[in-house]
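Across the two complexes that follow, chain A remains constant while its partner is chain B and subsequently chain C.
Our next item is the complex of A and B:
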């Protein structure tokens, strides 16, 4: 048995199982931990295909930065428990079958549209021998990146700076943002707590009531939360 | 099991990538928690990365790996801005369900 098949089967199976875990686990923290498994398995699959640089970058960037950011936000916002409405959906008996059908349907659709009969006979200049001659995967990759792809590489720095500025502006809470709808100003905090209390008084935050079609308040000028729940009752 | 004697051809990786992508796509449609929806986007991006690396190897061209590098950068930036938006929304709505984000006004 060829070694690459072993890597393919082990990491491929782990990737699929972890990816299913991301969707099926009701608790967002469990989903994030499952995501680590999926991303690390993809790193393993990169390794199997001799993309050594990407394999390491995948682990550093994804499991080291992206998933940590996810976990940080989940814990910061305190949504580390499952949403009762969502959990109810995930526990339905037909849900795994519907999910399986959806995956097979979408997968079959993609495979049919693209077709697997691609012109693989074409060969570029970066054969395994050429990569070895250049000094290895990292050297060959950097040579291409800093010659042919130099402009796109420099443009990504603009993107990253824009993302940093955007992230700071969005997540910041100061008086400068009053009126822009982004900051939590004192009057806004008061309004939110009033709304939450009003919702609690109406029993809207009670998960037991969320699925009761009879209890829906027909009052049209109540807030958007109610509208969302009304449509949900319609589909349930 | 004769095919196991030779290394897997690119098709094997493409099929795997397609199914990873569909799990991400279906998960994105099914889940309501906005953070889990982001995770499903990451899954889809990773599936595409995997297929890019396989195509690059099948065609003996390193450009595929360089594209994956750019996708990584864009994904990191996207997650950062997306989660910042989520934090901003969460301050006003106190719930992370996508069903509650039905109005742009907040």
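Our next item is the complex of A and C:
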């Protein structure tokens, strides 16, 4: 068993365990931390493939930036507000599938370790020798990126532009709070207040603390005002 | 030799092969730029720019590229990333037509609902470019990237009416499920790479021509997962769960475009990957498409029977149409493929027209989309009711409309391959489908309109954009129903040049 295999098995197992943790852990913060473990293990897998540059980028971009962003979102949303009942429901629904996935993953690992002959396919053109010949990881990667993979590289920028334009359009608040701030539409506000009241009836939450239902006017006639203001905002 | 001395070879850039895509993308970026500099108060200007962009791209593709690509083999550009051939050019032209119809539909809708932000048109253009690159993609990474561009735009467009709960729900559901299936597809692509050592679709075919695989497990898994990812986009059963909610919640003009665009793109990718790349595995993927086609036709038709909302019914109808088009793929022949292409063209027109009517009848806020609201429609809105009836007949495949010819050519393709069981099931599904279309038609004509005095007072407004869309789509549906030969020849050429 070569060193690459040992690295593969160790990091593969950590990646799997962490990934299962992302799904199963009750606390979102723990899930995010588990995600760091999964992404770092993938960086380790890149390392085992001698893709050093990719491995470092994986840690900087994913483990660093992306997960921090996730944690930010979780903090902003507030981890305490999660309804424990919903969580349980979610876990129960996911359990059989996650379990199945875990069994398949662990089974694959066991098969790999015991060396049963599986179809392992063929290696592509970007072997370690080819990388060395090009003068290292960064050189090889940049050369491929700006020659053969130029068009996909450019298209990625279009994808990012589309995502940003879409995100800005959907997230930008109009002046009218009822109109779009936090997506609180009259009928949505009504639904939320109904749910809160129903919870309060069961004695679980205090509606005054949770949500000021009276702030929102569920009057459908207010649409006319709303439309005028949103369109004005779109022009300005 | 120092590292610096090694010059990187210049990339292979054949911009002439992707001129239509460059025009579409450029127009989209132009709109984004214009928005950053100065906003026109009337979004009609942006609509005009977008429509002109689509028209220019379509005309360039037809006049400049089409004659070139139909008489020769595919030309590969950008180091084999894209292929310019009759097939891709055909799809590019079709996506431009769908784009123009979508722009015309959207303009009046956005103004009426007070959602007039010009970013709509930019996203529309980007999504169309996604469709076009998907048809041209000769590399699995390109397929994935193009699919993501298309999908991201469609997620946002579905949630465009963000003040409406249903629209938010539609966008959110589409996003979550779409992202999940994209991951599945990517997983499949990685398996295909692991099994063959290449991502290039043409090279995949060469790999299978040179090698006989002792164990196909890895490649089969990859192929199956890629099919799953694409089947989600065409809303084929059992990957259709998102369609009813998204179709019901998303704005009508978006659905009229999305239903066609997503199908065009995903089928184009399916054709190229399965026919070209994995033709050696025909025995393996044929049963998958058989299953998808049969399940989609039957389940879509049956569930459409029990709906009470027109947009939701159209969602199930689109699922069953996905099944019919999948017959063309399952036939695994040039005839089946050109039939499917023809079907996609007719479907693009029919669905745009049908949703133009649904948009007009739905009025402000799309509040009238229930079957209840269509009761006695003919007495209130004779013209709209007549046009909708025409489109429903066309969707059902009544002779004299393009829908009939489309179903006929797809069945013909299957018959050439001797797949009579598929045709039999398709015919049964078509008969069931006739029922649910007729149910709505009966409701429109046979019921007394006095039951809805609230609707009888005012007439539905048909703005200029939807009016043009209706005129064009009705004309196209009639014309392709009576004189389909021109387009059939084009579809045939598109396939043979592949």
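To be clear about the criterion, the second predicted complex is superposed on the first by the 129 of 236 C-alpha atoms of A that agree within 3 Å, B and C clash if a C-alpha of one lies under 4 Å from a C-alpha of the other, contacts with A are read in each partner's own complex, and residues count from 1 in each chain.
The rule we apply is simple: contacts are C-beta pairs under 8 Å (C-beta built on N, C-alpha and C of every residue); 3 or more make two chains touch, one makes a residue touch a chain.
Here the structure is a predicted model, which is why all the values come from computation and not from measurement.
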| item | value |
| --- | --- |
| Chain B versus chain C as contact partner of A:158, first or second or both or neither | second |
| First, second, both or neither for A:139, with chain B first and chain C second | second |
| Which of chain B and chain C A:50 touches, first, second, both or neither | first |
| Partner chain in contact with A:75 - chain B first, chain C second, else both or neither | neither |
| First (chain B), second (chain C), both or neither touched by A:125 | both |
| Chain B versus chain C as contact partner of A:22, first or second or both or neither | first |
| Which superposed partner A:166 touches (first chain B, second chain C, both, neither) | both |
| Chain B versus chain C as contact partner of A:147, first or second or both or neither | second |
| Touch count on chain A, higher of chain B and chain C | B |
| Partner chain in contact with A:5 - chain B first, chain C second, else both or neither | first |
| Intersection of the chain A residues that touch chain B with those that touch chain C | 118, 120, 122-125, 148-149, 152, 156, 159, 162-163, 166-168, 170, 188, 227-228 |
| In the complex with chain C, residue positions of chain A that touch it | 118-125, 135-136, 139, 142-143, 146-152, 155-156, 158-159, 161-163, 165-170, 179-180, 183, 185, 187-188, 191, 223, 226-228, 230-231, 234-236 |
| Chain C residues within the chain A interface of the complex | 3, 6, 8-13, 25, 29, 32, 39, 41, 43, 78-82, 111, 113-117, 119, 122-123, 126-127, 129, 133, 139, 141-142, 145-146, 148-149, 152-153, 155-156, 159-160, 162-165, 168, 171, 193-198, 213-219, 365 |
| Residues of chain A touching chain B in the complex | 1-2, 4-5, 8, 12, 15-16, 19-20, 22-23, 28, 31-32, 35, 38-39, 42, 45-46, 49-51, 53-54, 57-58, 61-62, 65-66, 69-70, 73-74, 76-77, 79, 83, 85-86, 89, 99, 102-107, 110-111, 116, 118, 120, 122-128, 130-131, 140-141, 144-145, 148-149, 152, 156, 159-160, 162-164, 166-168, 170-171, 173, 181-182, 184, 188, 192, 196, 224-225, 227-229, 232 |
| Chain B to chain A touching residues, read off their complex | 1, 4-8, 10-16, 18-27, 29-33, 35-36, 38-40, 42-43, 46, 49-50, 53-63, 65-66, 68-70, 72-81, 83-88, 90-92, 94-97, 99-100, 102-103, 105-106 |
